[in-house]
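Below is the structure I would like to discuss, written out as C-alpha cells.
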Amino acid sequence: MPLTLPRRGLFALEILFWIALAASFFVFPDRLYLLTQILIAALFAVSLDIALGYAGILTLGHAVFFGMGAYAAGLLAKAGWAEPLTGLALAFVLCGLVAYALSVMIVRAGELTQLMVTIAVGAIVVEIANQATPITGGSDGLQGISMWPVLGAFDFDLWGKTAFVYTFVVVLALFIVVRRMLQSPYGLALKGIHGNRKRMYALGSPVEGRLRFAYAASAAIAGVAGALLAQTTEFVGLDTLSIDRSAAVLIILVLGGTGRLYGGIVGAIVYMVVHDFFADLSPEFWMFWLGLFLMAIVMIGSGGILGGLSRLVRSERS
Amino acid sequence: MTAAPALSVAGLTVAFGGIVAVNDVTLDLPVGARHALIGPNGAGKTTFVNLLTGTLKPTAGTIRIGDEDVTRLDTRSRVKRGLTRTFQINTLFAGLTPLEAVSLAIAERDDLAGIWWRRLGGFPAVRDEAEALLSSLRLIEHARVPTGELAYGKQRLLEIALALAAKPRILLLDEPAAGIPAGESREVFEVVDALPDDISVLFIEHDMQLVFRFARRIVVLTSGSVLAEGTPDEIRRNDDVRAAYLGSTHV
Amino acid sequence: MGIVVFDGLAFGALLFLISVGLSVTMGLMNFVNLAHGAFAMAGGYAASVVMNAYGFGFPAALLAGFVAGAVSGAAVEVLFVRRLYRSHPLEQVLFTIGLVFASIATATYFFGPTMQPFSIPPYLEGNFAFLGAELSRYRLFLIVVGVIVVAALVLGLDRTRFGAMIRAAVDNQRVARGCGINVDRLFLATFTLGCGLAGFGGALSLGMLTLNPIFPLKYMVYFLMVVCVGGAGTITGPFLAALIVGIGDVAGKYYVPQTGGFLIYLLMLALLLARPNGLVVKKGAR
C-alpha cells in the first residue's frame, strides 16, 4: 500500500528540495563548478520534459536549441554587450521563434518522422556552426567571452560562486514558471493531447497550435540553459549542439522520469554525480554501462526514479 | 415557415478508392430530434458520423448546421457551432480524473485552455460547472478517481459527459451503450432521454428495444444508403426494412 | 558527373543492403530501431576477423558477415526486442540507443578504436574504363550485388509463401494473425533476415567505408533516412531512397565539399515535406 502524502506535505517537500539545492553551495564549496553544471543540465532536461513528457513530441535534436542559446549569448557578449540577463533574453526569444517556425514540420508528423526531422535539423545546424568558423570559431569553439557583472554588481569569480548563485536563481525562476504552466488550463490541455489526441480534436481543441506553443516554450527554456552554460563557462563548443548532447539530456530525463516536473532535476543530479564519479575511468567503460543501463531501464519499465518513488508514495489528487 | 433544421445533410457521399462507404445520404435533424441511426455492421453508420464531425471529408454533398454550410469546415469549427459526438470505443483520458477531463472540455469550449499563466484552480466557474455536470450524470462520487480505474459503465457515461461539456446543440452518440450489459444500458439512455429539448440527438444503436423505446424517428442505413426513414411504427411496418435488415427478428 | 553517379549508386546499393531489413521490420512491427547499424558492424567485424585472422577468402567473409548479423539479430530479437513491439516509441528509441552504446563500447574493447584493415580481393581490384571515366571494379560489384538482392527480395516477397505472409502482416497484423499466420515466428524470421542482410552489407562496406566502433552511430542517420524517405514496409521504396541518398551524398561532397555532408539532410527534409509517408507508400496505409 503506497504511503499517501497530503498536498501540503508535498509542497513542503518541494520547498525543502530547493533549500537543499541552495545549501549545497555551503556544503560543497569546492564543487561549485559541478553543481552549476547540474543545475544547467536540470533546466535543460525540464525543458525537454515539456516537449517530450507533456506534449509527447519525440525529439533527438533538442541540443539544437541548447547550443543555439549558448552561441547567441556568447556572440552577443563578444559583440560588445556582455550584460548576462540580456543574453538570456536573447537566447529565450531566438530559440522560441526558431522552434515555433520548425514546429510546423514536427507536430503533425508521426513519431519516426519527428525523430528524423529533429535529427536532420540537428545535423544541419551543427554543420552550419562548424562551417561558419569566422563567427562561431568552428571546431575550436567560441572563445574569449567575458561577461559583465550580474546586475552590474556581482562579478563572475574564479571560484564560481557568482556563477552558481546566478544559475540557481535563473533555474528556480524558470522552474516556477514551468510549474505554473503545467498547473494551468493549458497544462491540462497538454496532458489531454498526450493522453488522447482523438478526443481533444472531438472537444474542438486546436491541437496543433497547442503543441507548437509547447515546442516553442520548451526550446526557449533550453536556449536559456545553453546561454547559462556559455556565460558561466565563458566558452561555447560545437558539442553543445550535438546529437550526443541531445541523447544525454534524453537519458537524464528518462532516468529521472518523464512527465513528472521534477524528473529532469532528479535525473540531472544522479546522472552528473555518477558521471563525475566515473570520470577517471575509460569512456568506453562509461558508455558500456550507460548502454546496458538504458536497455535495463526499458526492459524493467520503471518510469525512472520518480516513477519508482511514486509507487511507494502517493499524493492526494486535486 | 418552419425553422431551419438543426442539422441537414444533402447528397452526402464518400468513397475510399472504389468503395462507396456512404452513398448519397440526405437527412434533416430537426431541433429537438431524437433520431436513431440503425443498420447492419458495415452499413456506414460510424463513417457517416465521422463525415458529420469533419473527421472525414466527403467526396460529394453538403452538411449544414442551421443555415450555415459547414462542409468545408474542420472539426474544431463544427464543435464551436454546437456539433459534438461520443465514440463507440471509449476515447477518454485514462490518466485524468473525470473532474479534470470535464474541466478540460469546458476550458476548451470557453477558449480558456490556452491560458498558461494562471492556475486551473483560479477558474472556480469551470470547476463548479464540471461538478454540476458530473452530478447530473451521477458520476460525482467518482470525480477524483483516475478514469482508467473507473468501471466500464461509468466510463461510457463519462463519454457522454465530455460531449455535453461542450454545450452542444447537436449531439451524435455512436453506440453510447456499447459493451454495457443489457440491464445497465437503460441508465445510459435515461441520461439521453433527460436531455433538454433544444438539443438534437442522433444516436447509433443495435439494441432494437432501446431504439424503439427512445427514438422518435429512425433512419435505416444499408450499404451506405438510406433504406428507410420514419417513426418507429412506420419502420416496424416497413417491408423493405424487415426483409433487408430486421430479417425474421421479432420486434 | 558520371563518376559521381556511379559512386553514388555504389554507396546507395550498400545503404540499401544494410537498410532494407530495417525498413521491413519498421513497416512490419512498427519498431523504431536506431541500432540497426550495430548488426551491420557485427557483420563487418566478423568478415574482417575471418579474413585477417583465419585467412579465409572474400566469399567466406561475406558469408560470415551475413551469419554474424543474422545470429546477433536473432539473439537480440528473442531476448529483448519481441517484448518491445508494443512499447511506446520512446522506449524503443531508448533501448536501441542503449544497444548502440553497448555495441560501440564492446567493439572498442575487442578491436580497438581504429579502422579495420581490409584489402580488396585481386579479382575486384582496380578500375575499368567506361565512357571515358575510370570506374572502380569493386563499386561495380556493389551495384550488381544490390540489384541482385533487390530483385531477389521483390520476387521473394511476391512469389513465396513467406513473402505472402509478410505482405499480409504488413497490411493488417490482426487479420494475418486470425488467418493462422504465426506472427511471432514471422517477426523473428524477418528480423533475422534483415539483420543478416545488414551484416552482409557491413561486410561489403569494408571495401568502401571505414569500419570502426562508431560505425552504428556514424551511419545511423543514413539508414534511418533511407527508411524514412523510402517509406517503411516496402522493398522498392528503400531501394529508390537509398540510391537518391547515395547519389545525393556523393554529389554533395564532390561538388560543394565546403558544405560537407549537410546537403543530404536538406534533401531529406525536402523529401519528407513533399512526401510525408515516404516515396512508396505501403499498401493498406492511408
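As written, the chains take the letters A, B and C, and residue 1 is the first residue of each chain.
Here is the rule we use: contacts are C-beta pairs under 8 Å (C-beta built on N, C-alpha and C of every residue); 3 or more make two chains touch, one makes a residue touch a chain.
Quantities reported herein were computed from a predicted structural model and do not represent experimental measurements.
With steps allowed only between chains in touch, the distance from chain A over to chain B comes to 1. Chain nearest the geometric middle of the protein is A, using mean C-alpha positions. If you average the CA atoms of chain A and of chain B, the two centres end up 43 Å from each other. Between chain B and chain C the centroid-to-centroid distance comes to 48 Å (mean Cα coordinates, whole Å). If you average the CA atoms of chain A and of chain C, the two centres end up 33 Å from each other. Among the residues of chain A, none is in touch with two or more other chains.
Remark: chain A residues 52, 58, 60, 105, 109, 111-113, 115-117, 119-121, 123-124, 127-128, 130-131, 247, 250-251, 254, 258, 284-285, 287-288, 290-295, 297-299, 301 touch chain C in the complex.
Within the complex formed with chain B, the residues of chain A that make contact are 180-181, 183-189, 191-192, 195-196, 198-206, 209-210, 213, 217, 317-318.
For chain C in complex with chain A, the residues that touch the partner chain are 26, 32, 80, 83-84, 87, 89-95, 97-106, 108-109, 221, 224-225, 227-228, 232, 258-262, 265-266, 268-269, 272-273, 276. Interface residues of chain B, counted against chain A in their complex, comprise 53, 55, 75-76, 78-80, 84-85, 87, 91-97, 100-101, 103-105, 107-109, 112-121, 123, 126, 144, 146, 162-163, 165-166.
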